[in-house]
Amino acid sequence: MKKQIPPQYYHDYLNLEDLLTSQELLSEKAGERAHDEMLFVIVHQIYELWFKQILFELDSIINAFDRDVIRESHIGIAVSRLSRIIEIQRILIDQIQVLETMTPMDFLDFRDLLTPASGFQSIQFRLIENKLGLTAENRYEYGHRDYKSQMHDEHQMILERSEASPSLFELVEHWLERTPFLVFEDFNFWEQYRSAVDEMLASDRKIILKNDKLSSKQKKTHLQEYENTEIMFDSLFDKKKHNDLINKNEKRLSHKATKAALLILLYRDRPILHNPYKLLSKLLDVDELLTTWRYRHTLMVARMIGRKIGTGGSTGSSYLKESTEKHRIFSDYGNLTTFLIPRSLLPRLPDEILRNLGFYYNSSTHK
Amino acid sequence: MKKQIPPQYYHDYLNLEDLLTSQELLSEKAGERAHDEMLFVIVHQIYELWFKQILFELDSIINAFDRDVIRESHIGIAVSRLSRIIEIQRILIDQIQVLETMTPMDFLDFRDLLTPASGFQSIQFRLIENKLGLTAENRYEYGHRDYKSQMHDEHQMILERSEASPSLFELVEHWLERTPFLVFEDFNFWEQYRSAVDEMLASDRKIILKNDKLSSKQKKTHLQEYENTEIMFDSLFDKKKHNDLINKNEKRLSHKATKAALLILLYRDRPILHNPYKLLSKLLDVDELLTTWRYRHTLMVARMIGRKIGTGGSTGSSYLKESTEKHRIFSDYGNLTTFLIPRSLLPRLPDEILRNLGFYYNSSTHK
Amino acid sequence: MKKQIPPQYYHDYLNLEDLLTSQELLSEKAGERAHDEMLFVIVHQIYELWFKQILFELDSIINAFDRDVIRESHIGIAVSRLSRIIEIQRILIDQIQVLETMTPMDFLDFRDLLTPASGFQSIQFRLIENKLGLTAENRYEYGHRDYKSQMHDEHQMILERSEASPSLFELVEHWLERTPFLVFEDFNFWEQYRSAVDEMLASDRKIILKNDKLSSKQKKTHLQEYENTEIMFDSLFDKKKHNDLINKNEKRLSHKATKAALLILLYRDRPILHNPYKLLSKLLDVDELLTTWRYRHTLMVARMIGRKIGTGGSTGSSYLKESTEKHRIFSDYGNLTTFLIPRSLLPRLPDEILRNLGFYYNSSTHK
Amino acid sequence: MKKQIPPQYYHDYLNLEDLLTSQELLSEKAGERAHDEMLFVIVHQIYELWFKQILFELDSIINAFDRDVIRESHIGIAVSRLSRIIEIQRILIDQIQVLETMTPMDFLDFRDLLTPASGFQSIQFRLIENKLGLTAENRYEYGHRDYKSQMHDEHQMILERSEASPSLFELVEHWLERTPFLVFEDFNFWEQYRSAVDEMLASDRKIILKNDKLSSKQKKTHLQEYENTEIMFDSLFDKKKHNDLINKNEKRLSHKATKAALLILLYRDRPILHNPYKLLSKLLDVDELLTTWRYRHTLMVARMIGRKIGTGGSTGSSYLKESTEKHRIFSDYGNLTTFLIPRSLLPRLPDEILRNLGFYYNSSTHK
């Protein structure tokens, strides 16, 4: 039974007494208030509150996937909470425009006082990255320094624990590897898909060869690119080649999970695959928006401090630039579109399988 | 001389230890955590942090205008800080989309626990309204209850103090009334303007009369509207009529300030009027965005609670709807466009006056 | 078999030769180009291109619903195309900001030349309204004039045809009335729901009565509101009362469709109801965004022309204001939240029914 | 005198008859309509209409700067038209979200028919780049092919003409080089600035050296970065070094223009510098938004086609990625923040100069 809760007042419920007095301006302590430091503090506090919310949702999604049997409803919950994270990320990006109302000159008024405080020390942001699945070896190492090095000891421990726990990337990969709805028994899907692919690639090749506007030099370039496409397909059909790419750090998702994810993409029109498809699609959204945020942030920092060393003694702008690409986590899902084939070439699934992927409305209840 | 400040760490500088533990879920206290209550708390905390920032900027703008001699630089500062408020308001509106990821059903899980907490009790939002210039008599009174009645005593006092202090509306009005750059001495601006207006109105009237597609009934309607336009111009030329409209609560800005504001609009191309024009324009933006926020908020609340009584025992959605229009503060500036006349009809200012409204680049330094 | 298509060039494929020469400035014809007329023309052309796309999607959705047996896949297609319409509507709203870079003074330079052209004459916008389900009687009649009166004859005929064809509102209502997945046979859902409602209403009533902060006058107000809630529930349980509200134009959706829609809301967690829930939710989004667009448009027009008569001899701003509320089409779906009850009170469906609302993963295929 | 213009109807004024029939679907010609091709066509037509508007504004800005004496009002016009371009660019970026409602699978339905049409062939986009100031040598050359090679002959000529005409970059550079308001006569600004810089750099250096948390290896890294900062300042004080950087393609803006731009940044609070500061700032905005658009576009294309060859036989995604950084035009203005110094260290300008940078309100007219 639920306990009784005393009547609430807005101000107390939200702890506003503390919240609204937690802005301490260093410039004021130093004797001369810099007007824009208030914005700087509040914007960063708001970032951290959003990060807390993202972590809260992320933990619940990880929890939904960290079990043996994953139900439809777990996927449904994951999809709607990822959607929430995505809406928050859009705000994170948009609110850079607020911070940009501070000019570089106004920032100079208090910038030196911040040393060595820096956004690099945001433990929550690092946790988000770790929980999504960024690995220590994929981190861009700025200035020969571990990303945890400038943090409080207890925060270092929290981060280490998150590195050791299964990430969302790993849990979803594991789920894909044992996904039940795509076991075809007798039906040889992959053989039929392969012959469709061969047909499509042959047509792509012809497009290049018959393009009269291309010089022979240009044709050569295109044919090289075409061969790269072939090589990518090879890795799809050959686990060993796929694993080679993983070893070269060009792919991350396992061969088995890749094939399951591709099937979800190809047959996403079937009701049972709606939510799995959305799941993969939203993971990619989260990844792209994280990258877009880093990118917009880079532009903003570059504009704010030019090429000088950042607060915390960092060349913030170069760091952010490097990490933009390197820190992608779910890009393998995006690259799956390489393997799409036109609907007309798609192997037609046997009725038995089709039925397992749909709903049955009891038509007799129709009036 | 500046005092020495010890080295700062991000986590401490932003007071994150307190900030990130200040979310207490009532559903948890009641024995069963409602997942979405975290979002509800954090979104509202973020609203309040933004409100604090808006108040901080607003106070500094009010301070810039609360003096005898107002310099160009004061106007410049007001313009750039209003721009910041505007960017924040855009975020306030956009972030409604985050809250909308909570479904009405999810809200029901903890809604009853909130009683009687309600956004109506946000003292900061009321302060923003008061400082901008919303008067007690223009407030939509919900349920025969003063807007301060459900607040802590010290908050009631703070609000009363803000009601008694000069608002931004009043300060800008006062500044307009004594604005120096529009004293024309011998040049009779208003006489020339009036004859231009008469010419324009006559042409408008002809447009209606010669429109063959209008039935005589429709023409009548249009002519009535045309006469309303004439009446509005009458009030511009006749202080008494203007004051009548003020008494009927159809206008608020004084006759003298209205004329100064119109001159700023008409000659806004002159360098010296750039910033004054932007000032008026941004006050209108702030007002519109506040209204847009209320409007979007209304739609969201209606969708969340339907037509039931809100948290705090309020019919939130009807309140918000009523207040949307009633709480406009600077709409008189928007209505000034009624009085614009085409550039071609605009009285040409004497050279002497023109010179006072511009810069002089020493052309000899041109090479 | 597909026909061969000759090689395409971007410029020709998009018909850019025509498209980019289709801007004719009246101010240029009149002898003096007004710089901002180009923006005015192009922004409106872009609006019309987006309207064409919305109509294209809308027609395909209507087509999907205009049949006897509606499959899961039809709902899925409707949901994804409504999502596209929603994204377009967001752009329609945002792009008002581009038009707002034109100042009222700049508009005056060519405004009089436009007579009597006016956005009221956009046939595509009227078609969107008609196809969604706005009825002729619900239209705000501006100036005693039919909305078709200022259009070309063939356009009047197209609009009349759209008025006579089944609208999306009607088709979805019809689908809801015969929706098969909510036939409960022996299980008496509505009896159990009603007793849950009674319990909830009694608790709401207690909240008002025990609130010490309310004066007796305020309590009276709240109790009246509470009784309104009761009346609304009455109409849910009594078809006659529901029809009375329809006759008074306070509701539009039929009693049977209302009940089906409410069941979808209440059990939207069940896989089979995912898409039907999204359908209703997105129809409401479309409606709200249309309203939001009208609202933002109103503010913009008011700012642009003040209280003067609009192009086409209309008092544009007052029209837009009136129509904002009156032209809502799907608000009944939003009001359904009034009838939500907490999950804990929700009647537990029998296993047999639950099974019909879900998927069955063949657990033996799990490895 | 103005010519008479006959009455206009909305439909005719906007040429809607042609505009709304200018969408020809290749999939329809090929015998099987692909539903999503309509969106593809309309979105790209809308892009091109926006590009036309951007070019229209850009031409008028270039025209304002392509003269011997540039007045305050020219700068003012440039600033407000750049603001308009910026608002359009924001829409260009946002509307990618509309195109993203098309799935890769839906795109496959008509993608092959488009060969070799491709966004690379947009002459208007190339013109925008050329007119802003992208030089042929700074273009990322995709597949050993000139960017003009796949265009109609007359379009190639138009592009060649734009390459040969003065770009906005060059015109603004030229204006900065002869800007009159920063001639200081006797006052030795640069000497005083240099000693302020030396003071600031010495302090930055101390920050690194006294940071106990840095290992000696890390300190070395930081000191190298610090030295890079010194080298950048050297180039500011030494024209020869600056020109070396230009020759190495690390800078583009001339030494003289760089110094003028820096002065504008440093004293942007002075009324006369408001608009010049905004001009530089908005040029940077345009550049960043162009880059952001390319970046978002890259992500979208990658997601749509994976790593396969693009329409037009291009590896669209790799191209877009390469060009993102390489095609920046105004980044030198962003890098100027490197040279900012705190307000407290800023040389105090002599009264005579200050007076030339401000307005004079005739205080006697104050009442």
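The chains carry the letters A, B, C and D, assigned in the order they are written, with residues numbered from 1 in each.
Following the convention adopted for this analysis, a residue touches a chain if its C-beta (ideal position, glycine included) is under 8 Å from a C-beta of that chain, and two chains touch if they have at least 3 such contacts.
Remember, it's a predicted structure, so these values are computed and weren't measured experimentally.
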Far-end chain from chain B, centres as C-alpha averages: A
Comparison of B-D and A-B by number of C-beta pairs in contact, larger one: A-B
Rounded Å distance, chain B centre to chain C centre (Cα mean): 29
Separation of mean Cα positions, chain B and chain A [Å, integer]: 39
For chain B paired with chain D, centre-to-centre distance based on mean C-alpha positions, whole Å: 32
Shared-contact residues (touching 2 or more other chains) in chain B: 115-116, 150
Residues of chain B that touch chain C when the two form their complex: 103-105, 108-109, 112, 115-116, 143-145, 149-150, 203-204, 207-208, 211, 213-215, 217-218, 221-222, 225-226, 228-229, 232, 265-266, 268, 284, 288, 291-292, 295-296, 299, 302-309, 313, 315, 334-343
Residue ranges of chain C in contact with chain A within the complex: 69, 71-73, 76, 178, 180-181, 183, 269, 271-272, 274-275, 356, 358-359, 361-363, 365-367
Touch list for chain D against partner chain C, complex: 1-5, 7-16, 18-20, 22-24, 26, 29-32, 35, 38-39, 41-42, 44-46, 48-50, 52-53, 56, 60, 80, 83-84, 87-88, 90-91, 94-95, 97-98, 101, 113-124, 150-152, 155, 312
